[in-house]
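Pasting in a structure now, in structure tokens, and then I'll have a few things to ask.
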Amino acid sequence: MVTAETLWRDIEAIRQQAPLVHNITNFVVMNTTANALLSLGASPVMAHAAEEVEEMTALASALVVNIGTLSRMWIDSMALAIPVAAAKNVPIVFDPVGAGATRFRTESCLELMGLAQPTVIRGNASEIMALAGARVQTRGVDSGAEVSDAQVAARQLACQWRCVVVVSGASDLITDGETTWWVDNGHVMMPRVTGLGCTASALVGAFCAVNDQPLQAATQAMLTLGICGELAAEKSSGPGSLQVALLDALYGLSLEQVGARLKCRCPA
Amino acid sequence: MVTAETLWRDIEAIRQQAPLVHNITNFVVMNTTANALLSLGASPVMAHAAEEVEEMTALASALVVNIGTLSRMWIDSMALAIPVAAAKNVPIVFDPVGAGATRFRTESCLELMGLAQPTVIRGNASEIMALAGARVQTRGVDSGAEVSDAQVAARQLACQWRCVVVVSGASDLITDGETTWWVDNGHVMMPRVTGLGCTASALVGAFCAVNDQPLQAATQAMLTLGICGELAAEKSSGPGSLQVALLDALYGLSLEQVGARLKCRCPA
Amino acid sequence: MVTAETLWRDIEAIRQQAPLVHNITNFVVMNTTANALLSLGASPVMAHAAEEVEEMTALASALVVNIGTLSRMWIDSMALAIPVAAAKNVPIVFDPVGAGATRFRTESCLELMGLAQPTVIRGNASEIMALAGARVQTRGVDSGAEVSDAQVAARQLACQWRCVVVVSGASDLITDGETTWWVDNGHVMMPRVTGLGCTASALVGAFCAVNDQPLQAATQAMLTLGICGELAAEKSSGPGSLQVALLDALYGLSLEQVGARLKCRCPA
């Protein structure tokens, strides 16, 4: 079940516990990812050196792996961190940025996922389709497909890797292969801010850090981002002010706002 | 010719086509560059790994190479991408950040430019003078000279490399060695925001993606940034809010605003 | 002595001289660090390649070394820059981000500090305690201790390395081992913006560039950040708008604002 109350319980847990979220992520979004986690109430850390990455992951309550500006050095770092997280039952969120755009990205994803089952995979429609082996071209880091096109691929991927798969887009789909939730919150201006998908993955990490039901945690993370995006859009006159207001909204989010806006469904 | 109408035609083309602009750029500005391109309507991608950089460039409608936080690995990446762009007729924008400050920067620029003729080179006055072989000291990444000092160097560089050269500053100079345009839009607070020169180069990339006349495209990109900078400054109380409002202005820019503000000249 | 007048003298010197501040810093904060320095009136440069880092440091008026997203390559770069700064009497500010969180961080700090005495070390309480050899766990990059816990460690570290040590937190402590200043400016929302500690270190660099008394310079830098944080918080509705308003406040800071708000003490 996902309700305003279950969502709010996670928000309060994050604000009280300030879980350490270890991000091995891309250069473009490191700053905004850290800020989104801090605004939500979590404690972000970015660290990747071979000399310390395992030690850092072992301290963390969630590991978020994002291949945005990938190179061999980063894959090696991720390959050290992922088994530590798996061994310590630290939830792993995997963000396959640009999978399907180049062979290197698709193959690196499969290599990393092979090291340990992710808890949650979050991507856009064409990234998820590429991971599931569907024929699709990711356009740089933008999706070349709609969320609805990725439904079968998402369920298949969830079953294959025994994990939760999130496909984000105009409506977000969250599935464990059996149960599928749809989140209808969000705003059309959000794709005009770079890295809000990466922010989504980081928030999923924070929710998984305090909630051991990944399907519920991931759905609640996507609801939180969507609701805060709506609140932000109402105060914004473009993507610049939207990014700023989004951080403010994450920081100030109230149960009332969640209750009034939450739009999710779980069709039978 | 450059008019509000020719500029607007490019803006509409960018908004409709969302051209993929491949940026190999520096750590400082990756986020703001991506956001500026998204706000304008283009689709940015940042990717640099040897394993994929050629494949990504081949997908792109423009390649923007920026040496801001240079190291050997990045030069190698740029050296793979540039010939692909040249072979595929993908326009190449080259931003020689800090040329003239250290020998490494000046020499790396010449090495990279030697791989394929850039479509447009955009820098500040002392960077352009350094590339043209003039004696000048760049102060870190800030110009040690005025745009007017760089006029001869800019024309010489444009002729030597058969490309368009943009010198940005209080007024911007855009030349192909024969015809020279000046853009008088902009605001004094803009140099207090880091990386707006890099943003200018990225916007030049987006305009070149939809307009095969580089002199006109580059002039129109500089006008767009200057006009949006003015619109942003009117809503700002400092460099922080200027950066935010600039993205909003790029997103919301209208033909009316362009028509009312455009200030460029092409002295005979 | 530290007064509104001594602080203002430094601000005016920075605005007039625009000292070049060379930052070898982490991916998360490069953009916001550069913007804070620009808003204050300094001229930031980020450069780290082995081929040029010494040449760049030799041009600078201050060197800021920050180990936030450390890896071997960055240590090597810092190890080239630090001796150049020492030889040229360029003040060195050292920011031991995450010292105490992993062995790699603590050891790298001691390795780098061993190359040349820093002018100022700035960290949070547990980072400073870790460098002084106290038993403490840094939680990722967040302090696991209060500033008051770090008083003895800070004085000891200052004596050991003959430098100024800044411990930032709710109140900031600045000590040369003999004299200790406390700065009570700031706002509770500031730790919810990523990298304001890194910004503090960069501002200390700018003040040291124009003031050869490091204890006074560092205290004045912390006052400036704290006062601007307060001014920004009054105009903000969360951490997103706080970051933006902080840059505006640094840019617009007036002697009147400093005089009305400055809160520091030097208990005998």
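A, B and C label the chains in the order they appear, each numbered from 1.
In this text, a residue touches a chain if its C-beta (ideal position, glycine included) is under 8 Å from a C-beta of that chain, and two chains touch if they have at least 3 such contacts.
All of these numbers come straight from a predicted model, not from anything done at the bench.
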item: Cα-superposition angle relating the copies subunit B and subunit A, to nearest 5°; value: 120
item: Classification of the subunit A:subunit C interface as same or different, half of numbers criterion; value: different
item: Subunit A and subunit C, separation of their C-alpha mean positions in angstrom; value: 33
item: Junction residues of subunit B, two or more chains touched; value: 27, 31, 243-244
item: Contact set on subunit A toward subunit C in their complex; value: 18, 20, 22, 27, 30-31, 34-35, 38-39, 43-52, 55-56, 59-60, 73, 243-252
item: Residues on subunit A engaged by subunit B in the complex (per definition of touch); value: 26-29, 31-32, 68-72, 98, 101-105, 139-142, 189, 191-195, 236-241, 243-244
